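You will see subunit A twice below: alongside subunit B first, and alongside subunit C after that.
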Partner chain A sequence: MQTIDLETSGLRDLNATLHAQAQETNQTNWEIINPKGSHAVAVGLDAPIEVNVKGSTGYYTGGMNKQATVHVHGSAGPGVAENMMSGSVIIEGDASQYAGATGNGGLLVIKGNASSRCGISMKGIDIVVHGNVGHMSAFMAQSGNMVVCGDAGDALGDSIYEARLFVRGSVKSLGADCIEKEMRPEHIEILRDLLEKGGCDAKPEEFKRYGSARRLYNFDVDNAGDY
Partner chain B sequence: MKDEQSKYVSRTVPIQSATFTNPINAEIRRAADTGIYDIRGGGAKRRVPHFDDLLFLGASISRYALEGYREKCDTRVTLGTRFAKKPIELDIPVTIAGMSFGALSGPAKEALGRGASAAGTSTTTGDGGMTEEERGHSNKLVYQVLPSRYGMNPDDLRRCDAIEVVVGQGAKPGGGGMLLGQKISDRVASMRNLPQGIDQRSACRHPDWTGPDDLEIKILELREITGWEKPIYVKVGGTRPYYDTTLAIKAGADVVVLDGMQGGTAATQDVFIEHVGLPTLACIRPAVQALQDQGLHREVQLVVSGGIRTGADVAKALALGADAVAIGTAAMVAIGDNDPKWEAEYQKLGTTAGAYDDWHEGQDPAGITTQDPELMARFDPLEGGRRLRNYLKVLTLEAQTIARACGHNHLHNLEPEDLCALTMEAAAMARVPLAGTEWYPGKPGL
Partner chain C sequence: MCGIVGLFLKDKALEPKLGALLTDMLITMTDRGPDSAGIAIYRAEDSARSKLTVQADAPDTAFDGLAEKLSAALGAAVSLTRNDTHAVLHVPNGLADTARKSLRSVAPDVRVMSFGDTLEIYKEVGLPKDVAARFDLPSMTGTHGIGHTRMATESAVTTLGAHPFNTGLDQCLVHNGSLSNHNSLRRKLQREGIHIETMNDTEVGAAYITWKMQNGATLGEALEASLDDLDGFFNFVVGTKDGFGVVRDPIACKPAVMAETDQYVAFGSEYRALVNLPGIDDARVWEPEPATVYFWSHDTAPVSKKEVA
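Presenting the complex of A and B:
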């Protein structure tokens, strides 16, 4: 286990050190102490390493991650796991706005609540939220899966494309072109797998699925009122 | 005879309304037919105050000219000297603006890369990600981080030479684009992570930040991911150039890219293109003022785009304080867009060479703004690259000629005092004297 103290090392040293880990590194376990809300912690990683952040972080923790597992033992600020490609980011506490925004792949787990615009423009990432998500979550979500064990705020899935949204609790309102969809056996299997990966003990059968009605995929003036 | 005279009634001459012109009436009829606004590419077509409204004051006695074909006039420019470890060094201060793969074909992107590299300058990706055609042929490639984040990934961030965070575009500041389904080939769909054949909307705002403070932190993230090596550009549409430039500087930009309303676009609403934003001419001085007020003029470089066509335009933009210019529409024309050799085919599409602007429909006879394999095959990227290289050289030679005549041995030594204005409007916008006077509207001390 390697430990980096952000108070003494500084952000640049931290990220440069983590970027220097090659594919075959034997230094696979890293601990970051004293993050104290720092922004851009452990961004742009591209190695199969595990990074444990002991405390809460600011913006963009684990941004554009590939391969690595970034585990925040606290809460995370806006844009956590932004544009993640693969690997995973786990937040023990809450996440602020636009968690997992534009993520292309990998798994984001938020054990607390996520604020507004969680999963905005998601493009293949899987997001598991143990608590609630705020308004405009999954706005323009293109692909991937979002699992919400609690409730969802207003305008869930507004202008959604092919992403799948699974919500156990209430949905305050659905956004444009987002509808409740049939939960078929294949969706139960996808959800069961995600719940297991996300460390949730919820039952897949308790969830409803939401997705695109696909009415707005090609611009039609008769649908102008829906946009 | 008497009968004929009694039949004659004097009439007023038929007069076409200056308000309800034929093009306006045609648009009213089109709107009434379809119920939808016109979407097109190409940028603003209306006449607005432009660089043509300025003139250079060549040397006579009070200024000493340089010999046109003998004395050196340097053209080199370095972009990104503020924070980046690896600034971009260009041989000429004319760069290629961002144009997306998807809107443009792969061979067209290749031609842009070939031509720009041969002329010693850079190209810029666009809303659709980085293609091998462009990366493979551009010695210097600027990678755009756009609101849509189509094709965005850290590998390409590391493969580029500079990063351009696009906040706005001159043709549509505050607006997003629309790539119609017929242009969404398998490859385009795959790069954008969307199904084939659906309309692809480009968002009007970044999904993961909400204002200038967030932008500052976003830039920090991009720098951390790329080891602080690459210059970070921030591109804004020309609307509030003083404040937007000020905030871009505050957010940490190495380079501010300012795109005026004559800038092009692949697809947006005609009403937006023609009625939102400021003329390029009006954008430059407020942006330069912002840089000067921050004490960062020339340390944070300013790239100006939007309707640049000639070496005179280049020289005028530089004289007003820009460090470089970017060309988009002109580059497309140079490689073959709207070429009269395709006139018969343009007419089949209901238009004419020089006016074709339905770039979003994917039927471009020149094979440039299309993903149709048959149309794309018409376009030769080697020939396109050669033409672009020639055009860039001509722009540079023209600008050099003017600079020498004004007595300067570097294009960057051109200054507002080298200019006068032909109209009151241009004098006010460019803050240079009306021709034959020492006065411009709002000049301090008068």
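Presenting the complex of A and C:
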């Protein structure tokens, strides 16, 4: 295992070292110590490596990730796993605003709570939150799955397109064009798989599913009240 | 962007370190706001004297004989302690507000940064580390304080445009965000007789709180009312003689993180502002909820939180 101490090594060096790992690297296991809320830790990775961050991070941890597994043993600041393409990002603590925003693929697991705008404009990413999510989560979500084992704040799924939202707890309010939908057997299977991947012991049957009513796809003045 | 820090001590053993801890937090937030920096600190109280912190562009001439001139105007003994471009005027208790008004005629080139029994405000343009050094902020002791690093958006980069803003006796406020209805609100408050010095949006927010409290609201009620009457984005962190409060607008897009231990309550725009506080690894760390007022006080229950629907 390689260890990089952010107190002695700069952030640019850290990311350059991680970017230099080729597809067939033998150095697959990395540990980052003393992150102390640093921004942009382990961003833009594109190799099948595992990066363990020992402590809490600032903005944009694991952003634009491809292939790698980034595991934060602490909490993460705003924009964690933003625009992830593949691989996974796991946060042991809480995540701040817009976690997983615009993610195209991969898996984001937040073991604590996520703040507002979790999964905003998600485009294929799977997000599993063990705790609660804040207001405006999954705003304009286009594709992918969001699993919330706790509660969701105001305006869940506002102006949502096609993503699936599964919430076990309460939903403070639904955003424009977001409705509760029937939980069919295929959704139970998708959810069971996501809960397993996300390390949750919740039962799929305890969740409700939310998604788009598809009324806002095209502008129609009769829908003005929904915007 | 702007960076905000705040530290409210519960443990008296930390009081000698307040200035050093706050300075460290402030400097960490430099890249959120390199234009100017300021700190409001609640320092030991002389039970017989109140304080006015004043600033002047030409302190050598402005502070020369200032205490004597103010003594004559008030008919009471005033002393002055200078610190770089700032000075603290010590006036007999109960005369702080009168002294503040007198200064406008006695020394029009001197600006009042704060008035109160324990509050002192130091702020200047420049990098936070330079501002901290010129006032020797790390050496200051106190019970609680707030600080601000400014990235100017709504008004000029000047000392008066820097935060914190003093909003009434021993009250101050720092802000991250921008208010969109500050011009109309400024006119309304000025019609109500509230003195507003600058074109800065935050000063309007501060003046609004003062106006509400002059009309009988508690600080908590004034902060709650701000959620209805202020448009735009705001994280406010406020200090009072014995308390420390936080409120975020309902959209809450400006970052905020808080930490609490048996020794202190701390606020930072980012977690990294808090990483060098003692015992932070075991602290309760959380993000304050939108449209929610948080308040801690030395005088009353240690924490109160009220959610506004």
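To be clear about the criterion, the second predicted complex is superposed on the first by the 227 of 227 C-alpha atoms of A that agree within 3 Å, B and C clash if a C-alpha of one lies under 4 Å from a C-alpha of the other, contacts with A are read in each partner's own complex, and residues count from 1 in each chain.
The criterion applied here is as follows: a contact is a pair of C-beta atoms (placed from the backbone, for glycine too) under 8 Å apart; a residue touches a chain by one contact, two chains touch by 3 or more.
Because the structure is a prediction, the values reported are computed rather than measured.
Peer 1: After the superposition on A, what does A:140 contact: first (subunit B), second (subunit C), both or neither?
Peer 2: first
Peer 1: Given the touch rule stated above, what does A:123 touch, subunit B (first), subunit C (second), both, or neither?
Peer 2: Once the two structures are laid over each other on A, A:123 reaches subunit B alone.
Peer 1: Touching A:162 in the superposition: subunit B (first), subunit C (second), both, neither?
Peer 2: A:162: touches subunit B, not subunit C.
Peer 1: Going by the contact rule set out at the top, does A:58 touch subunit B (first), subunit C (second), both, or neither?
Peer 2: Once the two structures are laid over each other on A, A:58 reaches both partners.
Peer 1: Would you sort A:48 into first (subunit B), second (subunit C), both or neither based on which partner it touches?
Peer 2: Neither partner.
Peer 1: Classify the contacts of A:96 with the two partner chains as first (subunit B alone), second (subunit C alone), both, or neither.
Peer 2: second
Peer 1: Between subunit B (first) and subunit C (second), which, if any, makes contact with A:38: first, second, both or neither?
Peer 2: second
Peer 1: By residue count, is subunit A touched more by subunit B or by subunit C?
Peer 2: Of subunit B and subunit C, B contacts more residues of subunit A.
Peer 1: For A:78, using the defined touch cut-off, is the partner it touches subunit B, subunit C, both, or neither? Pick first, second, both or neither.
Peer 2: In the superposition, A:78 contacts both subunit B and subunit C.
Peer 1: After overlaying the two complexes on chain A, where does the subunit B footprint on subunit A coincide with the subunit C footprint?
Peer 2: In subunit A, residues 58-59, 78, 97 are touched by subunit B and also by subunit C.
Peer 1: Which of the residues in subunit C end up touching subunit A in this complex?
Peer 2: Interface residues on the subunit C side: 252-253, 255, 257, 270-275, 285-287, 289-290.
Peer 1: Could you pull out which subunit A residues touch subunit C in their complex?
Peer 2: For subunit A paired with subunit C, touching residues are 36-38, 56, 58-59, 75, 77-78, 93-94, 96-97, 115-116, 134-135.
Peer 1: Under the stated contact criterion, what part of subunit A meets subunit B in this complex?
Peer 2: 11-12, 15-16, 19, 39-40, 43-44, 46, 58-60, 63-64, 66, 78-79, 82-83, 85, 97-98, 101-102, 104, 117, 120-121, 123-124, 139-140, 142-143, 159, 161-162, 217-219, 221
Peer 1: In the complex of these two chains, what residues of subunit B are touching subunit A?
Peer 2: 34-36, 148-149, 152-154, 157, 178, 180-181, 192-195, 197-199, 201, 203, 207-210, 214, 217-218, 220-221, 224-228
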